[in-house]
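Below: a set of structures, written as structure tokens.
Look at the two complexes coming up: subunit A is in both, with subunit B in one and subunit C in the other.
Let's look at the complex of A and B:
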């Protein structure tokens, strides 16, 4: 039964993710007093990318990007089919590794800097993910997502600190300002297009699609904390995404040093504090 | 069974003498190859023979062996004193003398009345250790055949003492076998000291000032560990009449002091902070030495002892201190690696870090934690050994250890690059070995019922993020692609066959242990743990299926790399340098018409993670923990 939700995710996530990206662009445009592209524009973009002539810089990049996509889809599928959360996080790490390798393989200055910064982002975000899984285990006694939710524990009540950390890292994972240091949706970044500078055509299309999958997976992660009340959950999740758009439009890009230090400090204080508090409360 | 064990202990010593006496060149190479084949075959046979057998203990009362024990220790002391005089070092001989005096006192006061019931034993844990030593250890010796040939070709000024080198290698293997089958602590102590001496001899092989300095550092620290071991033996026998390992583990209400002393010996041997410097210094030695020290011998002897003691350590102050020492070592060494660009040092710090997790597991002492510790030994031995071997091969072609010179390895040496990929995947990519251990470690740590649980979780979370960072940096360098002239791609031709064989065997084994680990767990690890704790631990079938799927998906990469150089549609275009590129690629037009080569350098965030300050902090903190561990007896009750 659970596996069906995984399959549903694999099939529907790209549509939902693309739509989300379209709405995102529209809202962003409105915040900047522009009209903005049609909501379906992301789909047009990707279809057009598939039609482009192949122009890859080397033989490894495409297989790497394919692996990145496959592992991203797998991560989300593991999540939505309620599997072991740690395995899911490991799969996510593998996906991130492949993206970095795709950028490295180009041997080009801008994509190289992008790869380095992407690694810094992973370094900043990874501890939170592991700690959230640990927190869920402490509260519910299982790493399996659906079992954890089925225990009826209201995760947000037990893990407010970790939720705060996750929200902070959410910005990194969505590649939003102020943390869009490795790769931005806008081509006027100081490192051109960063990690995707040397990626074009179908390879770039794969990257876009994987990004859609990733976003839908991340929304699920936020939702998890409120899963005891689906209505509240959907509301908070959408609100969180909206907040990210506002943050994106109202913040300048940070340096990577700040990204690393701030997210580690927040993780240490609020995430660590949350776990210690759980222990003291006898969980 | 007993005969196989005696053969495994005895044969390497014979082989050592054989390869030393064999004439240089072909005959010695053949002797090494045959000995390696025999040792690995014997250890596999032993494992196969033990498949359905329960643990066994053997009285093995041999008057000659018992009489030789003390003279052998005296001989070791004499050798150390002699070398100390030769190189004008005072501390190591002094420690050796102290150690000897302790044993002499013990021999005089209790020597006559000693009546150990069982001198040797075999259980599933020692079978696993035997496999690691026998298979990985002898593959490393095999690798050394062609590696040392190239090594001496490159350093013609060094005295060629290869016969002696192989002698010590095999001596080391013999001592390790002895260590894992000894139930009598006196036997174990002798083998323990032989590993100390052989590592010292191997590190100092080149006799350069650096090598001498670092070999004495290793010797001094490990002799201090030996003193702790000796004191533990005296204490155990004088207070409880215990002289056997199984009795220590089974003893109820035993004092913590001797256990803490044994743990101190283990901590030093496994190069935990504040003693990690000896293993890092050992990097000066030729690569087979490092591979051996880091994977199948020396450091694993320390972890082996600690994991054996794990049941006694659970929820004691000694165990808790071990958890803190291991955890802190893991975290700090992983962070240090963020700003480390010498590849051999990266490997070394990663070893110390992983050993830290194993030590922490032993300190936790629950059945899940011991499961993790044992699986960790296996996975780490294979992957780390493979990485050292390929780094050695690289070094013999490019004469560099700097990560920045590893660019485009996939073009220059595609086969070697694939070996790198397998080795590095073993270190941090799911579902390969170390991730499996880390995963189970998280579960084991979460089940601890003390404040250590959140602390260890934080340590693991930050430490593994750092691990991912530095391995991906190395992997990225290796897998970056740049077109180059044909002669640049010929580097692999001269790599010797022994080297290739050993490396591919390692690669095969690391894939096999990853796919077959549930089997390893069920056949060897779970029975061992069930035997001690009454119940065991394993990874669920559903999760195993998920991992197999991941593994299948990962196969895409090596295939892609293999296809590199074959026909595949792509068009190499110039990389983007803001339109200022000149001559094809890799150079661009700088200010005032100057030409600049493109060079790409990794980030090394040393402003946050400087080696010196992290080492200083870690060493002093862990020194305090060690002190508390030793004094635990007086604070606990």
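Let's look at the complex of A and C:
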């Protein structure tokens, strides 16, 4: 039964993720008092990219990007089939590593800067994910997601600090301002297109699709904290995404030092504090 | 190919000009004209771009840059010369350093007239250029 949800994710996530991206762009446009593109625009973009001339600067670039996509799908499938959270986080890291390798495979300074910044983002985001897994284990006694949810513990009550950290990192993972330092959806920034500078055509299409998979996986991560009440969970998840769009539209890009220091401080204070409190309370 | 018409990403390059046309190009992005309605994005990266928008005339220093950007764009691609300077060299045509319009270095698909070109005219130019895409695609396939 559990595996079915994994398969449902693999099949439906690109559609849901693409629609989410479309709604995101529409809402962003409305917030700037523009009409904005059609909701299906992300699909048009990706289908167009598949039809473009193949321009790979290195024969390893496409295989690297393919691996990135495969591991991202694997991460999400592990999550939605309720599997081991630690394995999931490692798979996510491997996916990020392949993306960085794809950027490093091109001999371009912009691509290099993008790749380095992507590494900084991974460094900023990863501790929180591991702490969340540790927190869930502390509360429920298992790393397996569905078993953890089935214990009936209301995770948000025990892990409010970690939820706050996760929300902070959510911005990084969604590639939104102020943390879109390696790659932005918005045009024109100081490092051209960062990590995707040398990535074009079908390889760029794969990057987009993998980002859709990642977003749906991340929404699930937010939902997990409220899994005891699905209605509340869906509401909070959508609200969190809406908040991200507002944050994206009202913030300028931070420098990478700030990104790293602020996310680590928040992780240390709220995430670490949350875990310490759990130990003190004897959970 | 249908999808390319729905999602033309463009790169904008300014040759030697007074910046009037550049400001009009940027005006297209503002809420008043909002080119993103048509899926148009100003990418700033030739490898992501489908449409090459050139404003200003070509001189001896930027000729190779324009050619370089053009060559970095994956097919099928369109070139639009915006404003009279990009078409013929305009008021700068007689200058000793100016070669002339964009068509001196790369093939141009659409010329948008004006000094400066109006945002409506620029958007119209992009739409007309997209109509040429089918011919472009055939040409690409024959060449391949």
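Definition applied: the second predicted complex is superposed on the first by the 283 of 283 C-alpha atoms of A that agree within 3 Å, B and C clash if a C-alpha of one lies under 4 Å from a C-alpha of the other, contacts with A are read in each partner's own complex, and residues count from 1 in each chain.
FYI, contacts are C-beta pairs under 8 Å (C-beta built on N, C-alpha and C of every residue); 3 or more make two chains touch, one makes a residue touch a chain.
The structure displayed is predicted, hence computed values, not measured ones.
Novice: In the superposed arrangement, does A:44 touch subunit B (first), subunit C (second), both or neither?
Specialist: Only subunit C is touched by A:44; subunit B is not.
Novice: On the superposed three-chain arrangement, identify whether subunit B or subunit C touches more subunit A residues.
Specialist: B
Novice: Based on the superposed arrangement, let me know which partner A:56 touches: subunit B (first), subunit C (second), both, or neither?
Specialist: The first partner, subunit B, only.
Novice: With both complexes superposed on chain A, which partner does A:84 reach: first (subunit B), second (subunit C), both or neither?
Specialist: The first partner, subunit B, only.
Novice: Counting only touches as set out at the top, which of subunit B and subunit C does A:198 meet: first, second, both, neither?
Specialist: Touch partners of A:198: subunit B and subunit C.
Novice: Could you say whether A:35 touches subunit B, subunit C, both of them, or neither, answering first, second, both or neither?
Specialist: So A:35 only meets subunit C here.
Novice: Residue overlap on subunit A between the subunit B contact set and the subunit C contact set?
Specialist: Comparing the two interfaces on subunit A, one with subunit B and one with subunit C, the shared residues are 54-55, 192, 197-198.
Novice: Which positions of subunit B touch subunit A when the two form their complex?
Specialist: Contact set of subunit B toward subunit A: 338, 407-408, 410, 428-431, 435, 439, 442-443, 446, 451, 453-454, 457-458, 460-462, 464-466, 468-469, 472-473, 475-477, 479-482, 542-543, 546-547, 549-550, 553-554, 556-557, 559-561, 563-564, 568-573, 575-578, 598, 600, 602-603, 605, 607-608.
Novice: In the complex formed with subunit A, which residues of subunit C make contact?
Specialist: Interface residues on the subunit C side: 1, 3-4, 6-7, 9, 31, 34, 36-39, 41-45, 47-48, 50, 74-76, 140.
Novice: Over in the complex, which subunit A residues touch subunit C? Could you list them?
Specialist: Those in contact with subunit C are residues 25, 29, 32-38, 41, 44-45, 47-48, 51-55, 187-189, 192-193, 196-201, 204.
Novice: Using the touch definition up top, name the residues of subunit A that touch subunit B in the complex.
Specialist: Residues of subunit A touching subunit B: 54-60, 62-64, 66-67, 70-71, 74, 78, 83-84, 86-87, 90-91, 93-94, 96-97, 100-101, 103-112, 115-116, 119-120, 122-123, 126-128, 130-131, 133-134, 137-138, 143, 192, 197-198, 256-257, 260-261, 264, 267-268, 271-272, 275-276, 278-279.
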